[in-house]
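Order as written gives the chain letters A, B, C and D; numbering starts at 1 within each chain.
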């Protein structure tokens, strides 16, 4: 409730790090996890103590470690964001077909990725804006079509202040009926099978009304919506 | 024409080694070759001087060498006939899916295998006899369906003296329209696209009439049928 | 998350009668000997076993046939086993024969989330009967479906505690593709080393495909056809 | 049969304008630098290039874009290249974007003689438009077809004179699957060794997939995103 008294600006909310921290609570011991570019990448910094997860990068590595020390960069060791990385003990390297065999075959338990829009039936759009230059979908379409658990990490609204949680995506789709959970700067939401974003948690200091105002798709609001515990 | 004068027995013919020697003349420099069990295996002993071929065994090795010296057998190094083998310099080992990717993807230039029956349209039957115990097709169906060059190595007739070169196979098929060439104890024959075994060569001392008598399928006999040159 | 278990018995926890198993190996080369022994000592039965071969009478899958623990066998070649013959003839063993390459690719597909693919193998034969046919570039192909298993039992040469595997020689064969296709994949290895020991660049089966791993013991590694040449004098 | 050739120029003999090429690499990691340079120095054009990315403005496939030698690009992600953008907008470059996993699997399929397979990736999106849809276990999939190329240009770390290849780190990426799918596969390697030097058990691409091989020179191996952490003090 801090900041709530003199609040004339939009409600307090999480920053990108906060979103990543909240998502890290979803990790389970022994999971293999693919993190997309942007906010999802930050999740690797907040793995809870006592659990072990292995990060996969779809260009062909399991057991991705932190960035290398200065001067120790290896041009032959990068992640899917083309960043120089390191390999942890127990890592393995493989080709692109094997990498997506893991993903498509649901051996990777969790995918975290960003989105431009998510619909209340779990559709996701994150690769193309008509009229703007297309960069390509990379591995996103394979990831969203395959993963059993897909968490979208994104801001609740776009730069124009419009909701990114819609009843139907307006942008070209990356995948349909695939997103299970969404963590934004305002809330944690679950996509229910019968359509609708079920509000699970509020960001610290954020009111249900703020979330309602920022959500264009159907929002299911339980009687009690706890505040996120970021520990 | 030796043996032809006092010939009361069936015409002279090649033994299994002779068939293998004749087939070895079909090898071309740089080819990757898969040899089936039985007569085909013998072909490896007669690779012509000056050419280099690499033998593939479908259980997962390229660059198969000769049997190991006594006492040097390795239980972890066998061929598809479950025989202990060696690996030559330049060999590579791979899994079964990769092995058949090579075969199905036509990276292996020649397959030599045995048959119970071949039809004059190139059908082959070599895996099952109704009423007898089925052992399974192993890799034969993949090999015949995929290879660009398939040479069948077999006796011209079965133990009952019946022709194995038929207008239609009577046994369950291994593959259809796939056999290109047949080398038997009596002859070399080519399967023509418009159906029919074209007689290319006679085994030493064997007469065209002998071949005709032993061939049940349509036989196309050119004016001149040279005798095999086994060098 | 501990993947390492003590032995085959611990590794097979949850394996119940009626389940479908994949077992790596070609002939007796690269078979999961310890797991097979543990199964033979159990009262688990009515198994569907997917394996390229069915062992010999007194070794490999032959042990499970002898004890009548196998209800159905999916294989490409089963010609080395008299017990197999008996049970197939008396109708107690169901048998599905699959071309070897299709078997391998169907396992890989099962592990890779590819539900079905077209292959030319078996077209025009009884293998193709009842299957969808489609021509590509004028060549007929049949549609084959992925195979998966409740448990995949594989054997590797070396493995680490994260489940990374390295096979030796042609003992590799079906093991890597079956490792991919098991809902629970159990790897038995001749030598188990701590994670970080193996070169990440030289892993045959990445640990993500392996749920349980143990160091096996008393490997017989029988040779089916001991072929040699004499030493030159 | 000699697979070893002197250099990229010799390796590309027979590569003509209008052909379809596959080029290994992910970003600038593991790209066939020598072959790309040789192509840039040639007057070959109107190429269809299949590659996960399209290089950057002054390196990798960007060099061939700059010289307008590419007519069509088949890729999954092309976001690092302003020249690419210009040519796509002015209509001189045709672009086909494919999900990365489908791209990899389609190349493997091309090399493995699998003409088509079902995958869930792209269903319900524009990638799936016009493609056959079929549900397996209640989940919709689309039918994707194999890709092959007149030439596949791959880069490995070490190779031998029989064409066996070993890649280093994540420079492996698309190289092994593209090596399988080229009618002529050219491998450039950082170190070329005599056949028999490499451990047969540790080959990533068996020589059967490689028709020509040479030791490259002057590898730049550019880093796109140099990310580091400071040394602990």
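Just so we're on the same page, contacts are C-beta pairs under 8 Å (C-beta built on N, C-alpha and C of every residue); 3 or more make two chains touch, one makes a residue touch a chain.
Everything numeric in this text was worked out from a predicted model, so none of it was measured.
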item	value
Farthest-lying chain, centroid of Cα atoms versus that of chain A	B
Cα-centroid distance, chain B relative to chain C, in whole angstrom	29
Centroid distance [mean C-alpha coordinates] between chain D and chain C, Å	33
Centroid distance [mean C-alpha coordinates] between chain B and chain A, Å	58
Chain B: positions in contact with at least two other chains	61, 87, 93-94, 97, 100-101, 103-104, 146
Overlap residues in chain C, where contacts from two or more other chains coincide	105, 108, 112-114, 119-120, 168-169, 201
Pairs of chains, among all present, that meet the touch criterion	A-C, A-D, B-C, B-D, C-D
Contact set on chain A toward chain D in their complex	57-61, 66-85, 87, 93-97, 99-101, 103-104, 123, 133-142, 145-146, 172-177
Residue ranges of chain B in contact with chain D within the complex	29-30, 32, 51-52, 54, 56, 61-63, 87-94, 97-98, 100-108, 146
Chain C to chain A touching residues, read off their complex	1, 108, 110-114, 160-162, 164, 180, 194-196, 200-201, 203, 206-209
Residues of chain D that touch chain A when the two form their complex	26-30, 52, 75-80, 85, 88-89, 95, 97, 99-105, 107-108, 119-127, 157, 168-177, 204, 221-231
Chain C residues within the chain D interface of the complex	105, 109, 112-120, 134, 136-137, 141, 145, 166-169, 201-202
